[in-house]
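Each of the next two complexes has chain A plus one more chain, namely chain B in the first and chain C in the second.
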Partner chain A sequence: MAVARPQGADHALLYVPGRSFLHRLNPLTKLTLVLWCAVAAFALPPEGTIPLALLSILIGSFAGAGRVFARRLALTLLPLSVALFVVHGMLVDHAGARASLLGLDLSREGLAYMVRILGRIAALLSGSLLFVCTTHPSRLLKALDAHRFSPGAAYVIASPLLLLEPFTQRAKAIREAQMARGLDLEGSFMTRVKAFPALLMPLVTLALADIDHRAQVLDGRGFRAMPHRTVLDAPADSRQQRAVRWAVLVSIPVLIAGGVLWHL
Partner chain B sequence: MALINVSGLSFAYESTPVLQNVNLSVAPGEKLAILGGNGSGKSTLAQWIAGWLPRGSYAANAGEVTVEGQPWAELDAATRAGAVQFVGQVPMQQLSGFSFTVRDEIAFGPGNLALPEAKIRARVDAAVEICNLGHLLDRDPFSLSGGEQQRLSIAAALAMQPRALVLDEPTGNFDPESREALLAQLEKLPGALAIVWCDVTLGAPLSVAERVLLLDGGRIAYDGDVAGLLTHPRTAEIFGLPAVAQTALMLRERGLWPAEAPISMDVGRVASALRPMLESAR
Partner chain C sequence: MTGLLTLDAVRFGYDPERPVLEDISFAVQHGEVVAVVGRNGAGKSTMLRLLNGLLRPDAGRLTIAGRDSADLKVSEIAAHIGTVFQAPEQQIFNATVRSEIGFGPAQQGLAPREQAARIDEAVARTGLEGVLDTHPLDLDAAMRRFVAVASVIACRPDLMLLDEAQRGLDATRRATLGGIIADWKASGRAIVLVCHDMDFVAAHADRVLGLAAGRLAVDAPVRDFFADAAATRAVSVEQPGIVALAQALGQPVALSASELVTGLAPRLKGGA
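On to the complex of A and B.
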């Protein structure tokens, strides 16, 4: 089933529309795989985390999310690499041999530590990106509903994404209204700091009023009237996917035990 | 038995009285307009009728509201949802915050009642048809215009198949064309559905209502038909009468209005009332 791309919540999502195998997979199966990646990122040695990250990037590219992967990984890993290189390669006095590169005196142990940390973060991040780039939140919600997940918990996942747009619009409106009343938001740093409460207070007050109203709307529409909801167009699931999920979940304690033994 | 019964309701926000000894009942299928100026207590009364009040620290100073003889507080959530639906003034506030598409927003309520999928689809299709939302089904509800969001709110309320629909200034965000479209859509609603329409203007609600209630300073100043409202002394002061009604009243003051014809805001009806007199003058 093709997933409609919403307009309002678009900018808050990294979702890339598509019809790849990964897109069609049940969100809960993908969520289980993300969980496995998160555990593996800490349990596996660098020889495992770096190939895992590369594999995720490769799969992500095949699913049509290569650009999002490249951008997000670069934005996260490049500054972190520089910081780790400077701190652990040059500044922290690690024990062991040192190496010289372009006239810089570097710690081999510090560089190995840097690679270890970067490998973990890359594996964790690329696994998560695989999920968010190929899973629209509405599909995740429907999968949770279809599996009799608590409606209240599902609401906690959905509402921040959906309410971000109206919240941003309101913040802009308050800013413009306060500026029209003479609030200086373009002066010195201190002037802007002093103006901050005039922006924040109405935003918070109105958000609280909205919560009250939305609670009434939810109550009026029978939210949590029944322990479970019926959902239209739930993502397809299969016996094979259920088996994969169970296999992945069972492998997680094994992975953790292996990681602990490796570090001993 | 009345569908909704408000008996001796008095209510204040903190120390400010808003409703004073309000008594009214809404019969199944009845079309009632509650009109009044700003601060007259319409929205508060609408919220009481819809079961949104009392809540938190707000409680009635006296009186109660019952639905089919039972106080709101005694009804479970599913019964409440199927009894009365409320559509407020601010469209964005009516959205559940749970749905990424218009279709899912309409299906949200029936889904909460754990109805079978086929029934939900049928309810969604019917509500979409009435509110003319077919071309917006895959849009994000928060990306719609105010008027579209209001139509969506009404559709979401109708999908609950309530016995009463309470509308609080529902056409505030509508242009004249959308207002006319909504009125046409309301005519398509099942006759058994009671409508309580609260507003500060006479036009749209009076074209739907069979009975009108004028709220003035938290008290019911008038309860009767449309013709009686137009001749009520406070009506012209609060709302200002449209030219056609003013003309009819002026003619009546001068003894030129047919005694048997009710005063109306409808140009066609006024013309019909005046036709015999004009023809005899010719």
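On to the complex of A and C.
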């Protein structure tokens, strides 16, 4: 019987340690590129999103996060692909020509629609995953502070990543506590489904209770006492990276305008 | 070595190359209260998670009621061993104290009448009568801990594991917890308590297991343990105040104030 061993802090985070060019890039440069990716996923014509996703995957494999990045991407995209294939290829009644594959009667229009949606999601997901795989949350927070973001704004941007580790640890502690009092998580699928509320309820309740507690702790430590925070070891930045960021930011409205025109 | 719970040359490490616990052998008998002590990081919590099946030994054998734990699911072990964790709110999810306490018996598949009887018994032992229909998270931290204790009592395991259950309790509630431990012991069941509070250990434990650097450095009756300064030093704990006072007065080890007074009585009567 396999019982999960506790994992170290590195495993609890999405971050994959490394020293690739992507790891070394200033987190704000990467964040700007992710923003561009998100806009491009919707603004580009559907055919453009697939190369975008492929490019992210290619960069990811060069960034030293290849295996983990590819596994996480596949684990998210594969079930989604199957669901979209079943829904749009088989169930939804699209007009137009039909195709036959392995004895299945499929809608060509449905399949094309599925590929378009999947391309967008893949582009969004691969860009975001690449960011979290190569950016430690504390470096992101330091980069935001170094660029004189207000502490509140920096916290809002970085907190989903910062809170991931304690959240994961708590989920594990809750799982163990419930198992230790007889909750069967090693049985059939239905047994596990029935066990779900016992795992989810404490997690949600404690997360909600934590919000208030965390706010009090931050206020108690003078979190927003000063408009900006001083960073002693800010992530390296360069004139070239600043230029890239500005270029990317300027290109976003152009991209949106192009997308709107294309849709017209 | 036989007992309700038996560990034989158990080794465990989160990284198998660096064991956290090594060559651990001991047995816990029915009606025994055993305290696991040691400095932070000595492996106490890991030991607790081995005992309740959340972790499995890398080597050695752990038997529960005569069965090898390797053959038991965690949920099966839970029928024999109940755990009160340090943070009870991590296990609370029901809307009322009553349903929270009834969760374990329901998992055991007991009939509703038997479940109700178990809840009543657990509530009577823990003094939660007045809050049965309250949401557990509306209670203070100490009461929540008693909800966790009651939810274990309701399962009637042979062995209860208490992880720092006395921490943060006021004197009245410490006494209540002490009463629960005494009742549990009197009913022939066993308790293993992980504890940093040596006063609590002196008052309630029969035996002490001292961990140091992942090994069992001490396995001794509580009186012998506190009488042996080298043993307490080996596992980095301080003697309880009452023991230190007895020694300062040239008395044998006393584990309670009444014991010390009894020991001093002849001297007091003699005017010495």
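The criterion applied here is as follows: the second predicted complex is superposed on the first by the 184 of 264 C-alpha atoms of A that agree within 3 Å, B and C clash if a C-alpha of one lies under 4 Å from a C-alpha of the other, contacts with A are read in each partner's own complex, and residues count from 1 in each chain.
Everything that follows uses one rule, which is that contacts are C-beta pairs under 8 Å (C-beta built on N, C-alpha and C of every residue); 3 or more make two chains touch, one makes a residue touch a chain.
Small disclaimer: the values here were computed from a predicted structure and weren't measured.
Undergrad: Once chain A of both complexes is superposed, is A:Thr205 in touch with chain B (first), chain C (second), both, or neither?
TA: second
Undergrad: Considering only touches as defined above, state whether A:Pro137 meets chain B (first), chain C (second), both or neither.
TA: first
Undergrad: Touching A:Lys194 in the superposition: chain B (first), chain C (second), both, neither?
TA: neither
Undergrad: Is A:Ala173 in contact with chain B, with chain C, with both, or with neither (first, second, both, neither)?
TA: A:Ala173 sits against chain C, while chain B stays out of touch.
Undergrad: Just to be sure I read the superposition right, which of the two partners does A:Thr230 touch: chain B = first, chain C = second, or both, or neither?
TA: Only chain B is touched by A:Thr230; chain C is not.
Undergrad: Just checking: does A:Val217 make contact with chain B only, chain C only, both, or neither of them? Give me first, second, both or neither.
TA: First partner only, chain B.
Undergrad: Quick one: classify A:Ser159 as touching chain B (first), chain C (second), both or neither.
TA: Once the two structures are laid over each other on A, A:Ser159 reaches chain B alone.
Undergrad: Specify the partner with more touching residues on chain A, choosing between chain B and chain C.
TA: B
Undergrad: Let me test your reading of the model: by the given contact rule, A:Asp184 touches which partner, first (chain B), second (chain C), both or neither?
TA: Second partner only, chain C.
Undergrad: Of the two partner chains, chain B (first) and chain C (second), which one does A:Arg19 touch, if any: first, second, both, or neither?
TA: A:Arg19 sits against neither chain B nor chain C.
Undergrad: Does any part of chain A touch chain B in one structure and chain C in the other, and if so which residues?
TA: 6
Undergrad: Given the complex with chain C, which residues does chain A contribute to the contact?
TA: 1, 3, 5-6, 170, 173-174, 176-187, 197-198, 201-202, 205-206, 209
Undergrad: For the complex, which residues does chain B have touching chain A?
TA: 50-52, 55-56, 76-78, 80-82, 85-86, 88, 90, 92-101, 103-104, 107-117, 120-121, 124, 138-143, 156, 160
Undergrad: Okay, in this complex, where on chain C does chain A touch?
TA: 14, 49, 52-56, 70, 73-75, 78-79, 81-83, 85, 87, 89-93, 103-104, 107-108, 137, 151-152, 155
Undergrad: Where on chain A does chain B make contact in their complex?
TA: Contacts found on chain A: 4, 6-10, 136-138, 141, 145, 151, 154-155, 158-159, 162-163, 165-166, 210, 212-214, 216-226, 228-232.
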